[in-house]
Every structure is written in structure tokens, then in C-alpha cells.
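First chain written, first letter: the chains are A, B, C, D, E and F, and each begins at residue 1.
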């Protein structure tokens, strides 16, 4: 009975947070590492369903790098690269599309449906949810000579039409979105999942953007977990990108957060999705557990 | 951080209950003892607001005996009675109406509004929410002689038109209802608040009826709290009324529960509203803390 | 048959007025004198129901001074005053609330419902219909010395949210409003019923504001009924307040009319609500029977 | 001022009738005699507009015999007849259509619009409001020999689709309907205006059917106005058709009333439309002024 | 089978045109010559029904000069004229109204309904679709003397309220409109059908205005069909009116086209409505068959 | 110009078919052979878009056998089989899901969007569009011994909830559906695309079910195209399955047609989707080009 009473107190303590985010759209992005870990994906979906039940409108964007690599390996296809730059050729985009839309997205939707909540899988192609243009060639200097390399079927988001997501969230579906865009001529283009999440958060007037990664947040010293930065202004965020504190895969995440917050999303969060209930902790406590980025 | 993690686990444990009652109407009745205790009323309202935020539609019915008595005393009016039977004369019904609608109801609505949730005070008169007919004269035997005594402005519910409540819950208001009915000729009639709650639970197709009293539930031995009966079927409930286990003010409560459950309300609960968060405990745990009445 | 024919002619003569006010909101305020007179209240309600049936949207605001005094007397409570200024202490506001909301409002709603028209009782607390701030202390000079006196639980309207009234009039209910506002901290504040009526007329874009009093209108010489002023511009209204022609309880009425007309209400009327069908006479004849205040 | 007070009393006396018919559809048919009399048509339209403003939904069906005859005369066309039976040949139906739809209907609609109320002219063709089948040949005996005579473009109502009328009354238009139906092959057929009114009253679930004629109602002795029958049951109505009390143009009127009442219209009335405000008198008084036909 | 395959190819070729005009309002005006020719009217209606079925919203405006003249002749009435100017006296407007609304409009509506499509006949009077003011007197010089001649019941469009057309097209009706307007005092006024079509095209934000006449379009040399002008800018259109290339009945058509295009209608077309399927040809081919007027 | 005139005549000839199917749902299934042939898929999509534009609601179900085989080969995976029965193991269902949902479905949706029409890709998982249960083990006799073989992740449709399709077709999207169902535990199950099409046609109250295959229809002698059967009743269809005329992949197609027609779909068609515009030919001509199955 004792624990029971505690339980109720905790529910009551959650009330102010529930009130604050009631009716708000929350865009949650999680990457491939989480998708392939059965325990992590199960936990994160439970959290998201809770958000839905207490009145928020969660929208999921997922990545899937590790899965794509796994399938390519299985098919005996070696990732192409020119001078160290990865190239997305026709074969690769086909596999990416199959893995992201056919495999990962479907899996997430199925898991949500299994919990009794309606869900729908979408990608940029559906109702032209987001279109992209092929990225221009990239200049690289090789042996003193400048060369332009075509990165292939990789795109940058051009236009977003959130109608379809709104139709579905209004009717209590949780939309799950794969980062495959449609290009002018109908071709598929791979776009960065972080940018998709950031841009959708902005276009949906989301209250929050949550990037669930496999690290604890932005660290001053990536090798030392105790150097987690709890809060960043836009200005500070830009500065730690410039000075190299942020590097690698964290860069597009921080950039997407900056863009979203600049366009009106109240707060963006980078958290460790592999930690149990990290989403709830970030939303239902003041201190949070990751890095929070806000305007000032 | 430790407690934080516990917190999230508890929220997640609440999920199945939240799911189960999502969108359901829950009728909650609390009596005068709770209304006059600042701490109890504050706590019970917090619980009810939480129910609202996690997707239920709470409807409040309140009593007010002690307050009516207090005001009558202040006005120097002595409660009338004939042969031990309390008589509600014109003066008394006027005071009951003033206290219930003008004082108690207003106070509850104000407390809810203060928490940022919309609320509206109603009684039987508004949109003919519920009408009553005057109770017939009561036969009593006095000194071997049978007499009929007119109990005055006391009524039994005749007709219920829940339209107004539905208009308001649809628009996210919490309705607070005083047990004053309108009679055929437009007169006010005092009706038992427990019956009002039971009848409304039935007419609104409520999922649950919760009677928040000042005892822990139905006790086998009223003087011994350890004899709490956790669960009763309708049959058992009727039997313990007949055999006298249930007595006094508990009788109309159990009867209202029986009627509601008979008409389709899934479960009815008699709990101690003075215990902190007893409503949440009853709803969000399997074991509950009071007496639960269900069909079989 | 003869009278019958006359009847039809009169209905036809009413047509232009019916057309003009079709679909318009009409705010009608009547005071405590009318409420306690069975004949007057019955007649005024009949008039208001007629307005509803010919397509207007009547909204009622009521006062209740005499009733409050009566109940206070019955309870043996003497109205407090400091240096002649009436003080609304905690006891007084409680009684005011009980009498206005619990007694008078309920009575009016019941009478309307009895006529087969749907009605609902409201006060400032319901859906935060109107909030008030406590009036500042009043400066008075006593024996050459300046003192500040706290008038107690008396407020001035701060914010009005007419949503609830609009929900109800759209669904053919006649709303009946008590002049009890909700303050910041959830406390009850007594506000002047004339100001409530004036402010609601403005916020509801009412076509007309009708003040049903117990005098014939604004009189040049209050002791001589033959000096009724039929029509006043805003400028004239202000001038007769300044020069003392208008005094006592008539001042807030004229001020409320001025404010409402200034904010877009077409016409405001001060009439004698105790005269039979004075509301209909004022609305359905060009000459009217009281004082009409308009912009120019 | 005196008459003013009377006026208000009369409005109040009209209240119960206004209540009773609020929201009801009232089908009013008037014939050609009224249409060509400027005074009569002006008055009858005023009455109908009043009905609309006090909340009823009037639907007008008109006839036009005298006008058709006038135009035929002007065009030098002699009404055809075979053995005394009038024949509607192609020329005649064309003129009927032009006069009814182009002239009379347009005139009525214009007069209503001039009063500031929206109106629309319709006939059976619009949205297939009502279709008809050509009447079969009529058997007549001439000089001992039986002959079959084709009456030409005359029809009997087959199917009614009231959608168009309902669209318009919902949007506050008064529909004005000419008795020209559309036949299977798209041809125009003249149908009896009384039957159209009766059938529409039934299909629209009208509360009342009013036949405004140029006589006072059903008379026991057509030559003696004092023999007016105030009330008839269906049984009585049928009997006075059989026994010849009702004759000529009154027969289809009474039959249409019988049919409408049989199909659920509460009451049907035959009144003198040339008498000032006879419609209002019939609706707003208990005694009425014409003949009322009801079920029993 | 061979032709069958061709058929499908042609349907597919129509697809871009169907897409382009999907959901667009198309105002089509045809004159009296077409109405009286059974073959032409049947064909033009088939075309219009096809437009409706492939997703456009056709609105028909018709004329009726030849029919009016025919009926006037039959009635032995000679068209009045003063000094060569035609005068529309009361008799004439009555006949115009009867012929246009009662005869021609009804006929068109019946033909559409016969094809299984819902249609409704309207004129300016219905819902005050369009009002007109009487044209001023016309100055003419006769024998060196200036005289002013009153042209009678002829009007110029003043105000258009397209609500009624929009109600009907939304519900899949094809509206058919007669060029009879309502004047201030409720009188009928004859207005030029070309102007009605042009003005409605503008007020309805039509995509196209099609004038179906009995000539092939605008000809450089009216006597030589081979001189058809396929395309005209507004500037060129004005110039060929000024220089006299366009004359007679073609002038109001070109002017209506100019006005409509100036107000936002994309393209206006003058085609030969007597040629089979000329409407479809003009809409479903790039080259068209008549004269097309566009902005530049 | 000549061909132009023909074109219009052909459009007009299509009118009766357009009318007949206006607003109807048409379920079209096409298999893997069509999907991989660029020309065929382009043509079939053009046809379907035309159906949409002339007012039908097309719903696409696709197969994808050849593509799945191709990808399996690329991945060096050999289709498993036990005693000649194909087994869908975990690897195989994963590839099927990726190919069907990620590759083929996406491709079809992209091609439709490219034509300017909104489309959305769905499978059984989305909103639990269709659920399936795993097929029971199959009994086979091997070397005189009876064995039960588990076919793996292959399912039979259990429940269909067409809500999502209806939401989308109402909003003018063309839904494209992959034959992957969701099982009880959230697993993916491969279901026969022909059954999916048949069942959806039934649940959506489709007017037509069109099976676009790579043969001309049902042939009496599969080796002789001239033996095409144009029309079959349900009875005849069942008989030619029993007598072996129909064999192989044609069996589930004919069975799906039988089931759909039995449940209320008017007509089912088996056509050659590789023939140009075969869908249009089947819909817009009376004779059709394939095999049509109807009730009797």
C-alpha cells in the first residue's frame, strides 16, 4: 500500500507538466541504434504512447543507418565512396528505401498498433509530405587538384506539406516518418533524418523536438560523460559547433535543434534514447537528463 | 536523479489504467464533510484535474449537509422534525438551495478554475438537468396510531436530461452539480446527492461512479476499520443492506451504487475522500483502497 | 371576432421591429425590487420569452440588494459600515453569493424553464465568464483627517470571456447571470450588476442594453414623473451626471449605458420594469416609454 | 400610449401560438384570384413574412387560373374543350408554364425580396422537386356512346423529392412553388395546385396546410355565408364530398386537406385569403376564421 | 475493337485538360438561336453535362430574343420603337419575363434533369441574385433636335450576390440563369444576357467564360468565315471594337469578355454553339475553334 | 480539325460510363509483372488517374513476386521449400516486406504524385487496415506418409478496418496497398494480393474489382488466346475451377472475384494489364476486353 501512495503522489507531481504540454505536438527522432535494440525500442514506444494518452500529439521520425549497412552487407554490396566520401548510388538508395520504409518504419508502426494505439507509416512521398532537391556536387581537393564529386541520391528538404500528418494526429494516429523524400522527377532521395525532424517540428508548430541518440547529450569532452552540458542557447550552440566541441553525427542534430528553435519550436532536447524512459524524464522533470537547447 | 527514474517508472505503470479509462465519463460524488475541510477539498480537486488531463471526463456531484446545518444555526433556525423525522419546510429548502448552489458549488467551481481548468456550476434547474416529484407522505406509527407525515420540499428524481453536461464535457469543462431538482410547478426540491450521482452515472453512460465519503468503505463491523470489504457483487450488496451490516448514511450510497451498476455503469466505488489521493489510488491500482461494487 | 382582427393588425405592426432585432443579442438587467415582486418578475419573464421566440437572444443580468439585506437581517447580521461607507466583509460576501446565485438566480431560471424555454444560471466563476480585481481602498476625509478604507470583497470587472454565454444562446438557452465575479486567487467579489450588464452588452456585441428599474427612467426632477427625459445623447448623459440631475443608484445605470453605447451597443434604455410589459413597449414602439441613450 | 399598452398585451397573448408553431413548416397555397389582386397579395405576403420572423418555415404554393385565361385571351387563343372537358394542348401548357413560372411566381418572389426576406422560385422541374405522369384518357359517354378523351398535358404527382425546399428553408429562404411538374420524358405537365400543396405538406412533415381561397371556408349552403363549418374530421370531410355539400373547385381543396392530414399533417385549414390577415387569425387564435380539418 | 482502342487514347489525351479545369467554374452563355434549335440545344447540354461529370462547375446563362419576338407576334403585339430605338414597355417586359423564365429556362432545366443531372432555374429575383437599375434616358438627335427617350424596363446590373449559385453548385446542381433582374422597387428589368454572363463569371471567380453564338467567332471580315481571329488580347479586343471590325450583337459579347478577363477570369471564348461539340473542342484542345480573349 | 471532332464525339460517347461509375470505388489489383515493366506501369497509372478525374475513387492493391525473387537472388538467398512447397521463413518475410512496402509501393505512390495527384502508401499494419492469422500447417503425403508442413509467415485475412482508406479517398488521395498484414502479436504476414483486393472491394462496397494480370483473361484453352471467355456467372466460375480449366495463379484471382461479387461488388474483371489502356477499355466500353464475372 505504501508504494501505492507514492505512486499517486508522483502522478500528482506530473500534473503541471501534463498541463503544460496538453494538446502540443512533440516531434521525436530516434536513430538506427535504438531501432535495432529490442529493449530500447520497446521502452521508447511505451514512453511515446504515454505522451499520447496524457494529451500530447507525438510524431516520430526515425533513422536507420546500421540496418542499411547490415542489409547491404548481406547482399554483398560494398558502400561506395570516392576519396572518402560516401556515395549513394542507385542500388544504395533502393536498399535505403526498402530498409527504412519497408522494414524499420513497418516495425515501429506494428509495435505501436500492438499496444492498441493507431499508427501510420509515412515517408516524403505520401501526399508529397516533403520534397527534396538533389544536393549539388561537393568540391574536394585531392592531391592539390580541386574535384567535384556527385554524392548521388542524397537530397536537401525543399518543401514540406504537413497536411497528411495533421489529418492523422487529429484522428489520434501516431505518424511514423521515414527520411526518404520525393524529388522533382519522382525519384527517391535520402535526406538526413535529423533535418527531417527539425523541419517537421517547425512546420507542425511543435512545442518540443526531442533527439533520442545513443549518447547522453552534448558533452564538453566527448570521452567524459560527466561533462554533459544541460542547457544551451542558440548562440552557445552555434559557438560550440564552430569551436569543434561538437563533432561528427552530433553536428546535424545540434543544427536541426537550432533551426527548429529559431523557427518557433519552444525547446529542443538531445537525450540518450537507450536510457530507460529518458523521454519521460526529459519531459516530466525540470532538471531533465540531457541537453536542452532554447532561444536564449 | 534516483527518484526521478522512479517517477518515470510509475508513470509508465499508470499507462494501462490511463488507456482503459481514456475518454470515459467518471462521476464523482463527495459530501459535505469534504467540502468544509480545506485540505481534503484541495486534494480531491487535484486528483480530479489529473483525471481530466489524462483523458477522462470527470463530473462532480456534491452534498452539503454540515454547511446547511451551520447556516441554519447562524440564522437561528432550528431544524424541524415531527416524531423524529426531519421536515424540509420552505425556509429550509431556501437555505439548502442558497448553501448548496450559492456557496458550496461556487466554491468548488472557483477552486477548479483557479487551477486553470474550465468548470461550470449546475443544478437540476439548469436546462431541466433533472426534475423531481415531491415525495409522498410518510407513514409512521406513533403510539399505536398510524399517521402520515409530509416531509416537505424533498423529492425523488423523475427525469434526467444530460444534454447540458454533455455540451460542457465535450468542450472540456468539468461540471459541478448541486442536488437541487426542479419540480413540476417550478419549485425547488432537495434530492439525495447520492441518488443524483448514481442516476447521472447511469444516464451519462459513465464508466465509473465514485462515492468519496469520510469512511474507508463498507465495513463488516463499522467500529473496526480492519473489516473493510474490498469487493461486493450486487447480490452481496443487497444482502448486507438487508441484514443490517450497512446502516445509516451508507445505505443510500450502496443503493445508488447498485442502481448505477445495474444500469450499465461498469464499477462503483465507495472510498474515503479524506485520505490523500484516494481517487487516484482507486483508479490507478488494481487492489484499490475502498469497496468496489460490480455486477457479479 | 372584432378583437381578433385587431390582434392581427397589431402583430403586423410589430413586424418591422421584429425584423430589425432578429438575431440580435439583447442584454436585460433587472434589480432586486423586481425579483421579489411575484407579479413583476412573472411579467418581465413573459416579455423576455417573447423576445426569444421572435428571434432575439436575450441575456439576463440580475441584482438582489433587498434580498441580501433581508437574509442578513434574518441571520441577525448587521451590515457593517465605516464612516457611512458600506463594507463587504467575508460574512457579507458569503451571504451575497448565496442569495444571488443560490436563491435569486435559481428562481429566475426555474421560472423560465417552467415556461418551456431552456435556461441556465451563471456567474462570473463559471468558465471565468468575468473576473474582477478588488477595488482599491477608498480615501475619505474624517474630521479633517484623510483615511483609507478597505471596502472588502467588492470588485471591478477586469476580463470578460463571453464564450459560455455564446455556447448557450446558440443552443437556445436564456442565460441568467449573477454579479459575482472570480478574483485572481479564486475569491468571490461582489460587482455592480449594472456594470456587469453594460460590459456584457459590449462584449457580446449586443444590439440593446435594457435597464429595468423601479422608476420610469431619467427624470429632470426626481420627484416629478412628468419630467421624464425620453432621449439622451452620450454627451447629454455625461452632463446630467456632472450637474447632479442624476443621483444615487441611477448613476451607475447611466454610466453603464454610456459605456455600452460608446463600445458599439446601438441603444441603451432605462425603463420601469414594474410597469407591465415595459420591455415590449420599449422595443416594439418608436416612442418607447423610458429613457433611451444613444451615441448622438 | 393607451393603444401601445394594448399592443403589448396582444403580443403576449400570441406567445402560446408562437411557441407551439416554432420551427414548424407551414405550407400555404393561394390561388389565382389572390395573385391578381394587388391588395390581397400584399397582405398575404406580409402575414407570411411575419410567420417566418416568429420562427416558422413557410412554403408557398400558388395557382393562377385567371391569369392563364387572360393571357390566352390576349393571344387570341380559345381554350379547347371536347364535349365540355377542357383540353390542355401543347400551346396551352406552354402558356400555363410561362404565366405560372415566368409571371406569377416571379412576381411573388419579387414582393417577398422587396420586404427584405430571401425567396426563391421553384417548380417541379427544379431538382425534380416533383414529377408527374400524364393522366389517363377520360371516359365520357356521348350520345349513348362511350368515348375516351385525352386531356392533354395534365398530370398527377408521382414522386416528390423535397431536398431542394429543405436546403432553402434551412438557409432562411421562402420557397415559392409553381404547379408545373416534369414528366418522364422531360415534358411539362400541369398539375392541380391544391394537390401539390397537400402532397408537399405531407412530404415536408408540415405542421399545417393552409388553403387560402376566395370563400370563407366550407359552407353547408354555398349561397349562405352564415353556414360556415368551423371544424371537420376526416370522416366528416369525406362524407360532405360524397353527399354533394362540397362541390366545384372546393372538392380538390378538401381532398388535398384530407390526404395531408391522413399522412401526418396536424391540421389543414381552408380560409378566405382575401380577408385581411386571415392567415394570422387562423394561426394565432383558437377559434380561427375558416374551416379546420383534422384527423378526428 | 480498333475504334475502341482509339477511344481510350483520346480519353487519355483529354486528361491534361480535365486536370487543368478540375473544380473550376465555367460560365456558359448561349443565345436564343440555340435554344430554339432542338438539335443544337440537345448537343450543347450534352457537352455541359460532360464538363460537370469530369469535375467542372458549369453555370448556364441564356438569352431568348427570337422566342420573345415569336410570342409577341402570336399575341399580336408589335414591338414598340421610337425613332428606331426599341422600347421595352410594361407589356413587353411581362412577355420577356414569361418567355425567358417560364419557357426557355424551364425547358433547359428539364433537358438537364432528363439526363439525370440536378439543375435549378434562377433569375435575378431569386435571393436577389442580381439587381439592376433602370437605364437612364437615351439622347438621340432627330431632325436637328436633341430628344431624350426612355427605353423602358431595361436595366444595368448593379449588385450581384452569388450565394445562391454557390449553394447549388456545391450540391452538384447546374444553375440555369435568365437575364431578368430585380430593381429597387421590386420591378423586373430586362438586362443584356451577355453582361449577366460576364458579370457572373467575374463574381464567381470563374476560370472560363464561354459565349456560344451562331457565328464562328470574331471575324476580320464578317462575310468571310476564313478570316476568323483565333486569339485576342484585351488591348486588341478594344481596338477592333473602336475600328468597327466588331459590330452589332458581337459588341456586347466582346465587351463582356473584356470585362470578365479584366476582373480575373483567365480566358473568355466566343464560339459557334451551333457547331457540334464546339464547347468540348474549345476546352479540350489547345488550338480551339473560336476566338479566345485573354489578358495579354 | 478532323481528328479533333472525333475526339469530342468520343468524349461524349464516354459520358454514359462516366455517369454510371461516378462516385464509385473501384479496386484495381496489378501484379509484379506490371510493376517491373516501366511502360506498363506508366500506362496503368495514367488510366487510374483518369478514373479519379472523372469522379471515381480508385484504390490500388499491388503484388510483387518477381521483384522479391530478384532481391532474394541478389542477396544470395535461395527460396526455401519442403517437398516442393515454398516456405516463407523469417528472412523471406523481411525481404518481402522491404520489397513490397519499401520498394514497389513507394514507386507507385511516387509515380502518382508526379502526375499531380495525391497518393498514400499503406499496408495492413497502418491503422490495422487488415489483420491476418498465420495459416495452419499443410498436410502433404510424402512417400506414403502424411506430414504437416509449416508454411511460415503466410497469413489469411482475418479482419478489415477500411477507415483509413475512406479517410484518404474522401480527401482525394489514391491509396496504394501492399499485401503485408499484421498478425495478433504484431508480426508481419504475407497474404495473397488477390485476396486482399477481393476482400477490400467487398469491405469498401466497391462497384468494381479489376484484376490486371499478364494474360488476356480466363481462357478455355490457356494456350490459345482466341478462347477467351468474355463473361462468367459465379456458378460458371466455380465450375471451371472445379473442372481444371482454370489453373495456377489464375485460381486465386477467380476465387477473389467470386467472393467479391458474392458480397455485393457489382462486377469483377480479369484483364491484361500489359495491354495499353486495358482498364479504360474494360470500363468505358460495353464489350470490354477481358473476362467479366458477375452474379448471374
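Rule of thumb we're sticking to: contacts are C-beta pairs under 8 Å (C-beta built on N, C-alpha and C of every residue); 3 or more make two chains touch, one makes a residue touch a chain.
Model, not experiment: these values are computed from the prediction.
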item: Target subunit D, source subunit A, minimum contact steps; value: 3
item: Reference subunit A; chain at largest CA-centroid distance; value: D
item: Subunit B and subunit E: spacing of chain centres that average the CA atoms, whole Å; value: 71
item: Whole-Å gap separating subunit E and subunit F, where each centre is the average of the chain's CA atoms; value: 48
item: Chain centre separation (subunit C, subunit E; CA means) in Å; value: 58
item: Sequence positions of subunit E contacting 2 or more other chains; value: none
item: Overall pattern in which the protein chains touch one another (line/ring/star/complete/other); value: ring
item: Sequence of touching chains round the ring, subunit E onward through subunit F; value: E, F, A, B, C, D
item: Complex contact set, residues of subunit C against subunit B; value: 71, 74-76, 94, 97-103, 105-106, 109-111, 113-114, 118-123, 125-128, 164, 167, 171, 173, 180, 182, 185-188
item: Residue ranges of subunit B in contact with subunit A within the complex; value: 1, 4-15, 18-19, 22, 46-47, 49-50, 53-55, 116, 276-277, 280-281, 284-285, 287, 289
